[in-house]
Amino acid sequence: MSKFKSIAIMSRAGVQGAEETLTALHAHFINRGVTHFFAESSSDMAPENADVIPDKSLGKHADLLIVVGGDGSLINAAHIAIDQSLPVLGVNRGRLGFLTDIHPQELDSIDAIIAGDYTSEERLLLQAEIPGVDEPIIALNDLVLMPDGLSQMVIFSVTVNDQLLYAQRADGLIIATPTGSTAYALSGGGPILQPQTNAITLVPMFPHTLSSRPIVISADSKVVIHVSPSNPKPLCLSNDGRARYPISGDQKILIKRYPAKIRLIHPADYNYYQMLQTKLNWEKHAERTHL
Amino acid sequence: MSKFKSIAIMSRAGVQGAEETLTALHAHFINRGVTHFFAESSSDMAPENADVIPDKSLGKHADLLIVVGGDGSLINAAHIAIDQSLPVLGVNRGRLGFLTDIHPQELDSIDAIIAGDYTSEERLLLQAEIPGVDEPIIALNDLVLMPDGLSQMVIFSVTVNDQLLYAQRADGLIIATPTGSTAYALSGGGPILQPQTNAITLVPMFPHTLSSRPIVISADSKVVIHVSPSNPKPLCLSNDGRARYPISGDQKILIKRYPAKIRLIHPADYNYYQMLQTKLNWEKHAERTHL
Amino acid sequence: MSKFKSIAIMSRAGVQGAEETLTALHAHFINRGVTHFFAESSSDMAPENADVIPDKSLGKHADLLIVVGGDGSLINAAHIAIDQSLPVLGVNRGRLGFLTDIHPQELDSIDAIIAGDYTSEERLLLQAEIPGVDEPIIALNDLVLMPDGLSQMVIFSVTVNDQLLYAQRADGLIIATPTGSTAYALSGGGPILQPQTNAITLVPMFPHTLSSRPIVISADSKVVIHVSPSNPKPLCLSNDGRARYPISGDQKILIKRYPAKIRLIHPADYNYYQMLQTKLNWEKHAERTHL
Amino acid sequence: MSKFKSIAIMSRAGVQGAEETLTALHAHFINRGVTHFFAESSSDMAPENADVIPDKSLGKHADLLIVVGGDGSLINAAHIAIDQSLPVLGVNRGRLGFLTDIHPQELDSIDAIIAGDYTSEERLLLQAEIPGVDEPIIALNDLVLMPDGLSQMVIFSVTVNDQLLYAQRADGLIIATPTGSTAYALSGGGPILQPQTNAITLVPMFPHTLSSRPIVISADSKVVIHVSPSNPKPLCLSNDGRARYPISGDQKILIKRYPAKIRLIHPADYNYYQMLQTKLNWEKHAERTHL
């Protein structure tokens, strides 16, 4: 793999111990002579003498974005990185994430990665288009249709490639990428999608029809959610739990693959299944299963 | 689409009303001047004066195989058709199947299909290799590892592309194609895979670890089930519920895509989701959901 | 069974066709010489010449409350009836409910019930006590802890009879009676509890621990939900989806059986399981199951 | 609590380390002057000089039965103890069970229990009656209707108190006590029933109707499984996974509470929920949940 020449670093407000790790990375990179910058959004946490670059220009100066924090921080960083074609490396804060697999004290690991010894993988993204919002609403994990506030029931129908899939009354609908299949969709009973599958999953939330099941469709599908005009209360669409776009009755939400992917960088010995085993408490030895 | 020039017809012992439909097809085809034969395995049900061809030679004489019966009959026919590159069309016996979508009295539909007005789709297949069995064990629906007889618990581990996925104690393991995702795997809590997804799903049966979940992986994966030497009783592998191949402790089962696909023929207005709605009792109108 | 001597009638704003049914009941009861009144809250829908009584005094003048509408209307009426020891009879508006089993045109059925030919059953109720709310918060279906508005994750622990059951991060928690087990809790994966079981069920909503399962405990248990001080956003407790009581971090919610029960009246040939079969699309004939 | 005066001890062939623990218990009891015997079925594992009593007479000579092994061994012992009104105490072999909560090296715990410092609880039992079997078929965990050997699908209907609950095509049916709700039924998606609930649960196995759900009914219900005459292959009924009683088409299985209960003895600080947390990997601290 090719080496990384210039590193951007960011974190997020509220990440415990972030400042400490940013400082350690700064010192380490100075020590090793590695060119690096801090994202402006993280400048509060950055060491005083560090170079700072606006988030939107990171891609011009850096060829790797290191994020310090949990999966939420990585998702946040990914949204900044996507259109700058910046690969992202997650350094967790002491607890393994689904996406952040480097322990903050493994500075050697980071050295190896920068030197070109790493695993790189691309994760597919979704985009939604809704009336009145000009830019695509991008998601690395999921797009979620849900009530905007207090009401519970959402009435909608879904077409896939212009064919009716189903009409539902439910608490909402999760449309998840493989990356998002181990996030909110998993709590809702969705299947795990291996990152390599070119597929997405639709998981109705608390559906009123007992025969509803999660469905997995090609990521190249065109999905349209038609929100029923008879919805009693305002709804919204959320992308990766970041923003909530108001949706009103009778609106249509068009969902399809976003043309770009996000590139995630892992240590060379990265193993997706091992990560699942750790995060989901799966056994490697059948003799120790719980029941 | 290209026309079909010569039709092979088959059914299966025990299909109620099969003889009647075979007779009607024969009369109809004679009437229309359509070249047709009966598969030798169905010769008992065929009209007396009909031409009969050995099952293994159907592909040499026909370019379409019409199967009369339910999904089980179609699966059975598919196993005959796969290596003869014969597309298959299912005529149900009065009750819609997941795979057999033509009503036996819709002879007009069949005329249209033969005349080239149809939908054609390819369904992926799986194959298993086990020690001592020379030929690949092919599945259109699923491969199921389970106890061979009375015992219940099966101990095994699974690797995907040589990486450990998990070790399990369970009643067994279902590995299903998209076609099989609406069959046995669905009863076991697996997701529905749209036929177009290039994916398969692994569904542990009654797993002893509560955090087990169905996983969807690329159909291009190499899956190995390593049956633990500590299994107390004999196991077996079943393909589409057809045969049971004995599996003993410490054996490895290699599972991957079968190089060929099976081609299914449907009426021109075929709609997969509409079929799901009918078969799974899904509502097309949210107002009528059950709860 | 003893006859009913005086009937109170109510419905709810928004119930389609309610006025028509109230008028029909009024005419029918006059015709038969049955003493009857309308609840003041439904006076808008009542015939002009009908007698009207304040909702809180219904029990003094009537020994049966007839509710016209769906399950929501019956739940609403039950909350009025509970402390007046009034039994409740549900007349649906053309579509069977879990709780409202008389079709509006079956006036003969109603005559028979009034004449003493009916089935009577008592359903248990729950109550919650929260700081700052003096009266018990009563539920016939369920008590639901959830975010009050937009946030998703709720952090809480639960004790049963002063022993820790579990700590959870989830979208919320449903505590349902047997009556509520076929309502919201069922959409969330909870089991069905036969009305006669002296039990309640706790169903975590979208739990972050995959090994979470619904648990059924004695209805005589003392349940305390301890809402974590670390909840990022305001929460609330809802009873039967009626009101939302704000809950703040570090508060404790005490839940136990309400001392009284509600009495539901059904036709003499009422059959709980038959109702389940109809509502949940269960088959009475195994040959017709869907897969 | 009253003291125990005479202790019966048993284990089961195949329990690893059983002999060692039996020997340790023997030495310890001699040391403390505690009257004790070994069950004849375990005489192979018992110390040479120990007293041995036939399994069926244990209740005449002992007032407590100590079982060394896992949950399976305790279930086995319970079947011997039930009709002798003998309470049972489980000593696991180093790994906590759902029912066996004393570690083999906690001899002090056992002393305390014998001295009268313990928790005692009664667990309800089920019994099945089938044609041709004179004695009731007793279950502490569950009764399971399933294929007897290779076939998969079972066709049956179930009545509760003579009312049809449902007709099913499925892999089988589990009827579990609260004790059994954390055993096989839990793998099949059933709810956990707190031991104090006077309830049982019916869990269809791989049901062909997607709207099937586990149902919880009063333990005082009369359940009848009517096995359809159209079952293609022989079936059986299993109790606690112990024996398999052949069931043929058109037979009826009557299931109800067994009049007696089994008494389980635990250390004084026994906590059912703590055991669940350990066995099911539940978190006591929400911050550490897995997702």
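The chains carry the letters A, B, C and D, assigned in the order they are written, with residues numbered from 1 in each.
Note that a residue touches a chain if its C-beta (ideal position, glycine included) is under 8 Å from a C-beta of that chain, and two chains touch if they have at least 3 such contacts.
Given the structure is predicted, the values throughout are model-derived calculations rather than measurements.
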Selected pair, greater C-beta contact count between A-C and B-C: A-C
Chain whose average C-alpha position is farthest from chain D's own: A
Computed distance of Cα centres, chain C from chain A, in Å: 40
For chain B paired with chain C, centre-to-centre distance based on mean C-alpha positions, whole Å: 45
Residues of chain C whose C-beta touches two or more other chains: 186-187, 207-211, 213, 280-281, 290-291
Complex contacts: residues of chain B adjacent to chain A: 155-157, 160, 163-169, 181, 186, 190-194, 196-199, 201, 207-218, 221, 228, 230, 271-274, 276-277, 280-287, 289-291
Complex contacts: residues of chain C adjacent to chain B: 182-183, 186-187, 209-211, 213, 279-281, 290-291
Of all residues in chain C, those that touch chain A in their complex: 148-150, 152, 170-171, 184, 186-189, 205-208, 210-211, 241, 244, 280-281, 290
